[in-house]
Amino acid sequence: MLNPLREAVLEANLEVVRRGLVLYTFGNASGIDRSRGLIVIKPSGVPYEKLRAADLVITDLKGGMVEGVLRPSSDLPTHIELYKAFPGIGGVVHTHSRFATSWAQAGREIPCLGTTHADYFHGPVPVTEHLTAVEVEEAYEKATGEAIVRRFTGLNPAAFPGVLVTGHAPFTWGKDAAQAAMHAVILEEIAAIAYYSVTLNAELTGLPAVVRDKHHLRKHGPKAYYGQPPR
Amino acid sequence: MLNPLREAVLEANLEVVRRGLVLYTFGNASGIDRSRGLIVIKPSGVPYEKLRAADLVITDLKGGMVEGVLRPSSDLPTHIELYKAFPGIGGVVHTHSRFATSWAQAGREIPCLGTTHADYFHGPVPVTEHLTAVEVEEAYEKATGEAIVRRFTGLNPAAFPGVLVTGHAPFTWGKDAAQAAMHAVILEEIAAIAYYSVTLNAELTGLPAVVRDKHHLRKHGPKAYYGQPPR
Amino acid sequence: MLNPLREAVLEANLEVVRRGLVLYTFGNASGIDRSRGLIVIKPSGVPYEKLRAADLVITDLKGGMVEGVLRPSSDLPTHIELYKAFPGIGGVVHTHSRFATSWAQAGREIPCLGTTHADYFHGPVPVTEHLTAVEVEEAYEKATGEAIVRRFTGLNPAAFPGVLVTGHAPFTWGKDAAQAAMHAVILEEIAAIAYYSVTLNAELTGLPAVVRDKHHLRKHGPKAYYGQPPR
Amino acid sequence: MLNPLREAVLEANLEVVRRGLVLYTFGNASGIDRSRGLIVIKPSGVPYEKLRAADLVITDLKGGMVEGVLRPSSDLPTHIELYKAFPGIGGVVHTHSRFATSWAQAGREIPCLGTTHADYFHGPVPVTEHLTAVEVEEAYEKATGEAIVRRFTGLNPAAFPGVLVTGHAPFTWGKDAAQAAMHAVILEEIAAIAYYSVTLNAELTGLPAVVRDKHHLRKHGPKAYYGQPPR
């Protein structure tokens, strides 16, 4: 069932490992089939070296098991909240990559300090608020997704393809699992460059809006001219 | 004698090298057969490329040689103190991995700043006190083990699977040598992320206790739900 | 057409990837045939793994297409300004390499703190001024090149084979594309060492001029004695 | 002539490249045959990939060519000063490795903050004084060697197997070229750990003398008990 999606989600899971973003099983990727309302996600705690497409788990948007014998990633409820709130996304990736996680632990949004950043995030990378004790205890992973969605009030998830969960780590998304994985890789690089930038110059505020917009819009939207035209 | 344990301890020694935690011979791993009270440990100063299972040394819990022609690691007396004081552990690993050693040299415990940390350490990574001059001169490696054990008064070694020896480097442990090696790898990553976090935000104190407990207990203890159920 | 130059420019593009300076398609290299006034440059947004010499684009010095079916790199107008203003250069490379980009984002020139630096840059690595809003909106990439050229008033591009575009990233150049790529690699290393140097000692100003000159001139110019004599 | 020494010096040159300490041709290794008073050293500016034992240059202790068609490393006069002043050494290595060079550029000696350091350097890694303008202009490389030797007044080069040349980079030595290369690798690691330590805790002064001595002397000298006994 959903074999092409299974293969794409497997590949996204392996890609973040190959790129050095995932230690042991500290990460997960999923994809969604919007027409059927079904999610394909990594099983929880299974080593990547052994992971096959057939091991991935299929659930519905309430988290009910549709196909698979293994438990889904414990972060599934977070993925579900994102798929429900952001109808344009087709894939979600979660990692504990070193620099993005450091900003998340520091509780600081990543300021938009350069064009590398502006090419992908149309402003600072947002950070969620802390959860309340009740949220943590009752439905922690679902509440994490809700906190992300709350933080995106007024923000376009296509222009900000990721977030830092405070005290935790990044989530990224994209039109499919492959793009979500690419955004995880780029967010890590943005986070690294920003780390070195702010420790070189603590007074930095951000790129002038005109440059930020120029770079973002030369890659995205109707007037984009970066890359090759769609065939 | 103890061939499966020899193989497991060899593998743990090689694993920390493959993961980039050990330069030259700056590390060692051991395992214990609790039923016989025998320890298998790396010989001192032997290059990893040449290390075979048969080169490992077997000693009793007083450090007496039981099998082997090479000298055991000079840190053997530290390992022995840990095995004696922590009956639940089956393996010990010592490295000079870069970030964990930096915190040890800085004499700072690693604060629990995020969920990556809380998943494995149920609070700050502890640091030992300095030894006295007499301890250093009379039985340095044994005294190092005793200092770790003293520091763990009131701490559960299963919930804190490692320590920083002040001015020196980390020791980690686990139910077996493989898990001790995995904890060495994770401690290094925790140490790196914490380094970048505190240099981004010097005011950080730590993750709220409710999140720390949630993450630790979703992976450990009777209510754990991360990973697959035991078969 | 221009097949040897195509091969050399392909190789320079691949070299900066192999050296870890380029993530995805965040970079580009070009070379010029001065006798014909033709530039060979990477196409925009094409993955490096698939890039063949035949995919490279040939343009004239006004950016007009001479050979090729793909769009040239969107940074072509920047390369053109450099070729027009610096007649001694034969290749240009642009990357978003981590440390050089961090200095660019920090808006700080890289001070000449050591002989590694002085061997290649005869003083601080310059940073451009911010563009005006009009420049960004009307002809951003051309204006970027013009800003570099303005910054080089009074500077010899052979003695300073690169620049940091403020809020953006480095451009380097050389007698050909291969040397431009080598300068990109060296600039990244200089930027990294300078980062660690200034965070170790915030008071640093720079290498004494006599040592800076000695190192630069033992490698460059009529009295150079480093390396082997030309055959 | 001196073929075994040629092979050993070639291997030391390649080792520092394999370990990531040398970019392009930014380094050199040499060895000495004390009985004949002859030095084998890398030729200047020759890429490592092409370097063969037969390309190495043999000189006497005045720098006079004895065998070879290529120019020796431009740093030869520095090596010669070290061989003349430190009769116990058999090999010298020079690199621009990232962290050691950062301390050299910062003009700071590396404090002895932990046992990794004390195992190899019996105290802080020394830094030379700046050269005078006359020294730089008249015989720069020889004067660099003389500055190192001056700095070692009262220091035992066997207990301090390396130095930072201020504003430049490290030199290390050992009983032979292989050990000099090993000391270059270890100095880089010590420099990295010290960097992270002092940025975590700016108040650090150093390891208590009793621990420093214990570690140094368990590896070196008549009472050493680390490693295996000599056969």
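Observations
When the chains are written out, they are named A, B, C and D in that same order, and each has its own residue count from 1.
Operating definition for what follows: a residue touches a chain if its C-beta (ideal position, glycine included) is under 8 Å from a C-beta of that chain, and two chains touch if they have at least 3 such contacts.
This one's a predicted model, so the numbers in the text were calculated from it and none came from an experiment.
Fewest steps needed to get from subunit A to subunit D, stepping only to touching chains, is 2.
In this entry, subunit C maps onto subunit D through a rotation of 90 degrees when their C-alpha atoms are superposed, rounded to the nearest 5. Because subunit A and subunit C carry the same sequence, their contact can be compared by residue number, and under half of the numbers here are used by both. Most remote chain with respect to subunit C, judged by CA-atom centres, is B. If you average the Cα atoms of subunit A and of subunit B, the two centres end up 33 Å apart.
Within subunit B, the positions touching two or more other chains are listed as 198-199. If the chains shown are joined wherever they touch, the resulting network closes on itself as one ring, and no chain has more or fewer than two partners. Here the touching chains pair up as A-B, A-C, B-D, C-D. If you check the complex, the residues on subunit B that touch subunit D are 23-26, 43-46, 70-71, 74, 96, 98-99, 101-108, 130-131, 133, 136-137, 140, 167-169, 195, 198-199.
Contact residues on subunit B toward subunit A in their complex (touch as defined above): 113-116, 182, 185-186, 189, 192-194, 196-201, 204, 207-208, 210-211, 214, 218, 225-229.
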